[in-house]
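Read from first to last, the chains carry the letters A, B, C and D; within each, the first residue is number 1.
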């Protein structure tokens, strides 16, 4: 029975997606049922799996692909971290997208690819070896492309081209590196000690090159500078897509891949032995600062958020590259925390765009009076991004800082401080505008019957995620929180 | 010079002549004829290959093959002629000088 | 109720009240009862057995709350001041259009300020400190005047810088001491290599809050910009949060650090005199009070400096510092709230004298007149001056005396200014404002006469009348003299501080940056149709050639030859 | 039951059934589509049975008329033959379904339908016969059968351009097959047999054999449209009606290539072919880049797909240089896998192109503007099928490229890496161009309703194409049974 959970989780989004493709545009109810049904079923299955994994019952499924090559699905603690994040946020984003795309054309196509995208993300989370990971990683690349260009404007198509050029370019490099590594090291099952540590020292040169190739190719999706160009331009996509793209699927897939490569393919000890991690840490640090600096000068809200993502995702990499238990905790927990915070911000940006037609920051004067709930969620998430205690972002930063000290690299603190200052200087002015500047526009007043600021479908998801931002921080040490789970992973990774 | 070699040599010469004609001549009928001449050259080689040693007994297998080959070649010639005639009726040309890329739609 | 819940209630009640304010139907009732959110804190502070330390492991990353001796006096001050300011604010904001927004920030700020007095571990201290600092921004810019916005901007910048430096300091401290408890920091840091760095970071981070020179310049901007009740808590309670942080995090009582001691004493003296001088030059009562706060906060700083020089004396000195904080907080709060009552000075009724008396009392207390808490606090401080690593004891005593003269002078000028400007005050006065003010008056008097009643940790000090009297008398005399001789000289001064300097510097930097900005790179013209790229055109032509049978035949023959030859 | 399956010569039936059906369809044109559909239904079943039979027993060999080799005609069902039979059956079945929708039984295009079915069944039978042929001459005959049917099918449209393309294709085919036949003749002269297995055992490295091989390879290269001899392909494949284009691109090109594979690995392994391998690899590499670039600049969807075929054929020819001793299986399986994957993907793409032509009135790519909404299903099909062409996982194309890269790395021929990769990226570029047009937000007047049969068969095939990698294990194992290669499929660097 438990063997079937893994494929069932994959199919819970894949099947509805495929069915949705074939539905005519008018069958809203059936489509919505399929979407939400799939999301709920997936959530339940993931919860079931959670209890299995928490009891250390790892399930695994192997399917032969070629002689000596298998599709391996396996649920370990790390997979589950990513899986829970994606399943939960997918559920919210589905609700949000249903509200967001009300009455817009091509919804069947949109939700179809949307489900494919999530299936691919699920596959990435559940991948038990490098080959499987690559398969789902590329599937994600391609299923996201139609979402990026969904609007069909020339600008969207242009962004799509850039997206495709970068991600597929990264994809082929990843492909080569994986084939090469497979040819050197044999089967590439993810295992806590890595699979390459025992190889002939004569191969260490090749391994270093492979490591660099893997990091660079995965770094495209993780938006490491200078491979981040696609991310801000992909902002042209509809808000639910941006939300998912930034918070869950694409950038996280890159970061998750880098974690897998470092932890489960090369092994932390071996990577550190080959001095592979320090350059990565430097790259991540540079990205953190660079992304924030670029975010400062953006007037388009979503672009500013995009550069903020560029910066924030590298926290994860920084934590992983420090290779100490505390830093790993900080990095991994940021995987979740950043996801929840960023999705909130994008939901709110989407609400502004959809309800009031606001896209630019200088149009946001006093919007807090018109949409107080949305903007409250925005504020919480933005403060979390800055890293104010006790919000989620603070927890990540605290552990990252401690981890940096433990790794004997106190410069990390300077990076964290610099980033916090920069984050503050691109978020706080926005918050100031929202709450304290009198509004210059007269927005259409709410047309909803009870005078709500916007529809429930658009309002509930950001409120839930904003609440999560608070709870992930305030209840960080409770059983079941992201931090709790990540500490479990770190203990397993490094030993008690 | 053994008959086998003679046959082989003339077969190859025929093949070459046919090849040259096929490529150089523009008239469709000439091309069809050229292809037939090439085929004849190949068949002659086959006939020559049927001679093994000095037994003087001809190997029947190549002859059977040639017979088959002639049938194939006949079919091709027929189809080619039909097509050529049809093309001639449609365009009035006897060559392949049709710019195909611009003529779809 | 378990102790954990009681302790959590202290910061939570204001938070919940703030949340309740967002619900429109509840708003009227909640607005009226909002000040009472500070009551649990006050009760806890007054009950000596309440507030035993508790550990809440699931909260954030392990929370330790409790009321210790230092905490109790700060909690008392904070709760009392917020209660009074809250009562005052009920009337003060009655007709304000942004009433709800004000109260939300007021309550958030209250929650942070109350919470940080309870915090026994770094994270919760940092959490509440941050909450208080950021919520205060909403109070400072509440009036949305250009002056307030500028003050808010400067305040916010300094807060953020302070936050990150505090973050770094706490991080380092947590790493070195391997503990999150504040009580472990002092001991753990004593022998660490990174101690100077950590202390430096702390001094800057907390110094911003306390107004340590040269990080003080936000104070005279922000305190006057905020509405009066907010100014009262800003200047009375929140400024003490920095002091509390200093008391909690510096290795007091465990390490002898003459260098740091000298630095702090020097800074304290500088602040004491700088605040007075700058204050005297102001003609806005609130600005003057803000400078007075800078001046006054110098004294506890001196005390902390003395403590660093003589760790063995710290257990005696600590109550003095706490008492000083209490005394100053209450008096300064009363003065700020009193500023709003200045209109009463212009009425021809008895109220005019009641108000003046009411203002005179905290002013005298601040100056350290006998029978007031000010005298107690200053006397307490003076008894430790011998420990100073710099300057002679008697010289220090004289300096402190001079500072007291200056303070009296300053207070004199304040009263004179209030009297002069009473006519222009348009503030409507309600009963709840009076109730808030009265509460503070009562507290000020009580602390002076009977310190043991309000706080179990008050020092048992006997005040020497002459020592306390001469500076006040001298100062008052000077003030009266100045009132008549210099009346026209200092009325129109507008004195800038470091902020003006900094802004000029930044502006200049901006100009330089703008001047050196490179012109935009010329854009390459995009190929009109990329299909017409030369390479692709070449391909197309070649493809056309290949399509000719003769060309193809030649290629075929060439290929055949190549295969034959290979 | 088991014996029933084993004893029947299913693969023989797979040849005889369509040929017989072709005759029947020709004689009864009104019932042609029914005959075609029944045959198309039976053939996949036959293929399954043949596979079952083969897995239950050894490779089966039949000699026609019970004449012993070298006199008789040997028909064999080895792994390669079986997978090709199976893929052809699958693709053929779906193309047949599509053709039912494409050639309406009634209406003014009746004559096309009337000729399509016999010719298509004839071609199908020819293909199947080719795959199971065990001797070189029979390969020639069956290849000519296929060519003849193809020529007729290309000319089906009846326009002058179609006729010209058919004629051109005919001449080229003749040239190629005669060159091939000349080579066969030379080999027969020396060894007095044309049986592949016997020849493979006997062949020695002589100049004459080399000459024979050169002739045969040159002929087959021409027929399989390797650059620079690909010139006939785009026209021939695009002039034809869509089902025919699908057949030509998916199956017919593969026929010549299958013969090449058999020659290279089964007949001529004794010869020194390294240099020739490199030449073919070079041409293949150029074909990849050239075909992709040409596809990138096409204005018509069908031409774009045809040029993409040119590029994909280039990949197929990388097998020859990559097949060194230790990477033999890697390259060979890669080639077979790519053939199968490409057959599915390309057929689906041509069918989509046909449907688009049918509904939009033209197959100009610019006419696709805004088509993503009204005919979104087709765009999805196109995308899914294109995944195979680009080589996205989990398509067969992905694993084929994996094996190629693996072989290239282990055999030290790293210069094929950039070729394969840029081919992948260029493929993505030309596919993205089509999708870009389709997604363009333009209000379109309504499209005519797409017939059921023109919508779903391509969808099924494209899904199979995309997921082919996940089900590739069984076909690969099947192909490896009786394969001329024996080395690990995934090679690792030696110690």
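Following the convention adopted for this analysis, contacts are C-beta pairs under 8 Å (C-beta built on N, C-alpha and C of every residue); 3 or more make two chains touch, one makes a residue touch a chain.
Here the structure is a predicted model, which means the values were calculated and not measured.
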{"item": "Comparison of A-D and C-D (more C-beta pairs in contact)", "value": "A-D"}
{"item": "Computed distance of Cα centres, chain D from chain C, in Å", "value": "78"}
{"item": "Chain A-chain D separation of Cα centroids, rounded to whole Å", "value": "41"}
{"item": "Where chain B and chain C are represented by their mean Cα positions, the distance between them in whole Å", "value": "101"}
{"item": "Centre-of-Cα separation between chain B and chain A, whole angstrom", "value": "66"}
{"item": "Touching two or more other chains - residue numbers and ranges from chain D", "value": "168, 171, 175, 235"}
{"item": "Shared interface positions of chain C, touching two or more other chains", "value": "549, 552-553"}
{"item": "Residue numbers of chain B (touch at least two other chains)", "value": "19, 22, 96"}
{"item": "Every chain pair in contact, whichever chains are involved", "value": "A-C, A-D, B-C, B-D, C-D"}
{"item": "Complex contact set, residues of chain D against chain B", "value": "70-71, 137, 140-141, 144, 148, 151-152, 155, 158-161, 163-168, 170-171, 174-175, 178, 181-182, 185-186, 188-189, 192, 235, 238-239, 300, 303, 362"}
{"item": "Contact footprint of chain A on chain D as seen in their complex", "value": "333, 370, 372-373, 376-377, 379-380, 383, 387, 390, 392-394, 398-399, 401-403, 405-406, 409-410, 417, 421, 424-425, 428-429, 432, 435-436, 439-442, 459, 463, 469-470, 472-473, 476-477, 480, 488-493, 495"}
{"item": "Chain B partner contacts - residues on chain C that touch it in the complex", "value": "549-550, 552-554, 557"}
{"item": "In the complex, chain C residues that touch chain D", "value": "531, 535-536, 539-540, 543, 546-547, 549, 552-553, 555-556, 559-560, 562-564, 566"}
{"item": "Chain A - residues contacting chain D, complex", "value": "18, 21-22, 25, 63-69, 71, 105-106, 108-109, 112, 134-136, 138-139, 141-142, 145-146, 149-154, 156-157, 160-161, 164-165, 168-169, 172-173, 175-176, 179-180, 182-184, 186, 200"}
